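Read from first to last, the chains carry the letters A, B, C and D; within each, the first residue is number 1.
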Amino acid sequence: MLNIGILGCGRIGQVHAGSLQHIDTAGVAAVADAFEDAANALAAKTGARVMTTDQIIADPSIHAVVIGTPTNTHFDLIRASAKAGKAIFCEKPVDMSAARIRELITLVEGAGVPFLTGFNRRFDPGFATLQARIAAGDIGDVELVTILSRDPSPPPVSYIKSSGGLFRDMMIHDFDMARFLLDEEVVRVFATGSALVDPAIGEAGDVDTAVAVLTTASGRICQISNSRRATYGYDQRAEVHGSLGLIKANNVPENNVEFASGAGFRSAPAQHFFLERYAAAYRAEMMHFIACLGAGIAPSPGIRDGLAAQMIADAAAQSLATGMPVDLD
Amino acid sequence: MLNIGILGCGRIGQVHAGSLQHIDTAGVAAVADAFEDAANALAAKTGARVMTTDQIIADPSIHAVVIGTPTNTHFDLIRASAKAGKAIFCEKPVDMSAARIRELITLVEGAGVPFLTGFNRRFDPGFATLQARIAAGDIGDVELVTILSRDPSPPPVSYIKSSGGLFRDMMIHDFDMARFLLDEEVVRVFATGSALVDPAIGEAGDVDTAVAVLTTASGRICQISNSRRATYGYDQRAEVHGSLGLIKANNVPENNVEFASGAGFRSAPAQHFFLERYAAAYRAEMMHFIACLGAGIAPSPGIRDGLAAQMIADAAAQSLATGMPVDLD
Amino acid sequence: MLNIGILGCGRIGQVHAGSLQHIDTAGVAAVADAFEDAANALAAKTGARVMTTDQIIADPSIHAVVIGTPTNTHFDLIRASAKAGKAIFCEKPVDMSAARIRELITLVEGAGVPFLTGFNRRFDPGFATLQARIAAGDIGDVELVTILSRDPSPPPVSYIKSSGGLFRDMMIHDFDMARFLLDEEVVRVFATGSALVDPAIGEAGDVDTAVAVLTTASGRICQISNSRRATYGYDQRAEVHGSLGLIKANNVPENNVEFASGAGFRSAPAQHFFLERYAAAYRAEMMHFIACLGAGIAPSPGIRDGLAAQMIADAAAQSLATGMPVDLD
Amino acid sequence: MLNIGILGCGRIGQVHAGSLQHIDTAGVAAVADAFEDAANALAAKTGARVMTTDQIIADPSIHAVVIGTPTNTHFDLIRASAKAGKAIFCEKPVDMSAARIRELITLVEGAGVPFLTGFNRRFDPGFATLQARIAAGDIGDVELVTILSRDPSPPPVSYIKSSGGLFRDMMIHDFDMARFLLDEEVVRVFATGSALVDPAIGEAGDVDTAVAVLTTASGRICQISNSRRATYGYDQRAEVHGSLGLIKANNVPENNVEFASGAGFRSAPAQHFFLERYAAAYRAEMMHFIACLGAGIAPSPGIRDGLAAQMIADAAAQSLATGMPVDLD
């Protein structure tokens, strides 16, 4: 039985605690949050103890931590947890600074602790099937990857201001997905964007509509497009064109009902809420983490995947700023 | 070069004349219609001569006739054409009376003339593919056939009164489709129906909403449902459940456009007009007729298929009237 | 907080216990099963006490029972529970004998205890949406209902022998669905069937492929078809044709991935396992039961719905045996 | 009655002649081709006279010419036809050189003759519906356009060598579609590509897999991707994301049949052959041309649309060569 400490009892911490309730070989032993009420509520639901983050990290009976606190606390918590020999499940982004992620890589790899970066979409049944079938050779050589990702509605401008910008906050998921599906490292990035959804986002120095073109050394190409608003739900699609065929993950509708009338055939919008859309992914992600700990295998995506996506995001932001493509080392 | 005489220059005669313009080995040589204007108009379009039906049947240079006149004229025209040794393409129904169709079978088979009964739906790319794949063994043994057929809107009550009733006028197409897909003769029929679309149809002694259950000697079952009105287009579907799989022909949409909004995803209605929906079927039907004449092969469906469908329709009408299933000999 | 006793800790008892874990206002207080291991296992998962069914029914701190024991025990358990004033959630069928269900109705209604018959499919998001939109008038007057229901593979012949036959064991779900969607009582039933999937089923006196036609007093018609085997998953579809439009619930695919190659476009089979396919339905069903208890409202479908479906099943079995339609009183 | 002269009796000339046979107000009066047999064959089918291109252009009874000859002959034929006052329907590309197209614009506009550039896809029922609904305001402001266009298989390398390259030969259709759907001029182009399908295409100095990003002055963005090979048919899709919704044109399948088995649900590939896929578009294009001549309205897309697409293609080719985005004046 693995004892897990939940650091951060907000929305995402609760999701991970919920996933652990479906796993027989692990349990939530302790929870911590800066807000006492949040910690108490999650403790009541799970039967876990309320502790501080320091206490959890110091407790030798806790085998692993799940870090779901604000991004600016990740660095210190990862450092402390690695030193304490804890396995680490850290929400994305690992950190806003690639330099600091490099520092953490040294620490984490030095300590030899398992590390999972929380790119949950890799565990979505649809996207995971895409990758599995590419790996199985079903579509032959990967040539063109197309990723469309659109949020139901933009976050508040206050959030935008401290988000690091669309490429680091939103498209970073798609950069990781691109790496997952391209099966080769990205060497060049061109990105552009506009504030079309809300002028206030433009005034805050960010964009809400953006595209990127990624290329690999062998010439594979990935196109990504993002919008901060989609009236028809949470639009999450990917398709991969290969030498033997095309494989794509379509949206997940709210239900399977179709209504026919003189106006045609109408089916349900795409699921709106990311926690519903990716519910299965979050469960599979935690199962993977726990299974890896049990089997002594390194979880994937690891901390270096967190760095790689961050570096593409930095390059995309630079491309937007300069209007020029950016080469990655 | 086969010379074809078109008997009846109404809507369906024009369709068949149009199909012949796409066929190199046959042409419209002569046209006849009780209304002189109709005959003249079709003659102008095709370059054919205007003649009477008697003249066409008597003309030794005409190899085949296409009969698209009112049903009550079919008997005499078929009899005369068979005696004259003409190949015959006759619109369904061959005749409203099974007894008279039997009389025509004797004549037609005695004369040895090729005969095609105009069950156009067998030539629809969708339904033809169903039958071809069943014949190829793709779904194994046929077990359950489901046919849904609904018109965009009911005909005038005046038409209903002389139509022979829904089973002989509308569901007869589905009875032929059932025979086409069941791959075994129907031995028992249960049918029921109601006037739900328009009370005037009920007052005229007919139904506008009806179902039938057909069974074969080996226990295969076919369900058919009809409605005289579908707000979303001309609903024409069939599916066949077999031991190895299911195969179905879906509706044909007016276009391939999808519109997504907060109300969900909306696609086009089914094509409304039967001449548009079955345009490809009419062309393929005529190609089959001409190809059979050229190759000296009997066209299919033949006159006996016309009789078989009529007998099922008669049995269905009797089942509706009595409330009991009816056995076919 | 409502204390629930689970009678029967098999597959379905575990599902209902699992649903209760997601509900804040109710909990599993006690579990009982003829097999001690089954009871112990469920107790360990839920923190409930292990008791006998008699003890649970006698315990005044238990507010409601969930009956998931074999059908032949339902009668005694319902009688005892009703006498003890317990709210009752009973799996379908209530009993194999309509006469005995009538006896239970007198008892249950006499005792005034809430009663839910476990027709889970009414709570499926797809079918529930159909009914809600019919009730909202979206398709106008209901005219034709089509229900297709096919199991992934037949049960063992040993099960078939004691099942009461396809109509009482399998199609009973569809009879309840027909009543749910027709919005009017069924007055006449015609049914037929064959043993096409497995001759051993025929030798056991049952059919594995069957259809039924149900009619209502106003002339609405419902067609149902069943097969004990579908190679492509658990086929569960319904569509309702009305005066203003058509509404249908399509199958639920295993995932949202599509693969395109020279052979065309391939998407996932329908979900195979009924517990996965109806997972959301089981949760919603329990929520409805608990919510009704909390609000003092009668749950629906109630015990009379259990009787009504059973009577249609009896009539269908009689129709199959006699070859004739059967009128319901 | 408008008399049309067909210049070039190859595949595309035959298509346009066929379209004219469905139009009552115009007819093929004369045909010309460098290969006598081709001209004779088309003359036999249409009843037109065989003439030389010079004779057709000089004949005052011919009102319009349809130019379907090789691209390098367009300049001279357009110049001569404009001088002769003929209405002109010219296949794309107008010319490989933007400078020469500018010269032709001066001539054509000076002569005041109607001119249609043969971007047939604008007339496809799917893409035309997209544009019509954008124009009607259904999706609000256009923000992101995504165009995916993939040929069934690459042309011979010999063709590639004289094609002007993928951007001028293949993606030019998508550049025109982008202008059609963006509803604003393109000001900046970034393009990249690889030879992944066939190394021989790379050795010939061209790419077979390519993407482009187009931006407009107000910040609208269009992503295009092309491949010279798609195993699953002729992949032709476009979608437009706007402030009120998304609209997309899906592929057109070969038929409407679906096959279900343990491997899932399989539907037909996309139509493979461009003449079949765009048959309706070619007919609508000719109807538009003839209707414009009849009404005295300028056909659209005109010669300036031909120039605009060519300039984007030139910019894309330059972007590929330099690796940098290119601004359009």
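Here, a residue touches a chain if its C-beta (ideal position, glycine included) is under 8 Å from a C-beta of that chain, and two chains touch if they have at least 3 such contacts.
Note that this is a predicted model, so its numbers are computed, not measured.
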**Item:** Reference chain D; chain at largest CA-centroid distance
**Value:** C
**Complete:** The pair out of A-C and C-D sharing more C-beta contacts is A-C
**Complete:** Taking each chain's centre as the mean of its CA atoms, chain C sits from chain D at a distance in Å of 57
**Prompt:** In whole angstrom, how far does the Cα centroid of chain A sit from the Cα centroid of chain C?
**Reply:** 40
**Request:** Name the residues of chain C that each touch 2 or more other chains.
**Result:** 230-232, 244-246, 260-262
**Asked** Can you name the residues of chain D that touch chain A in the complex?
**Response** 141, 143-144, 146, 148, 150, 190, 192-197, 209-211, 213, 215, 218-221, 223, 225, 227, 229-232, 235, 241, 243-246, 323-325
**Asked** Where on chain D is chain C touching in the complex?
**Response** 230-232, 253-254, 260-269
**Request:** In the complex, go through chain B and note every residue touching chain D.
**Result:** 125-126, 129-130, 133, 138-139, 244-252, 255-262
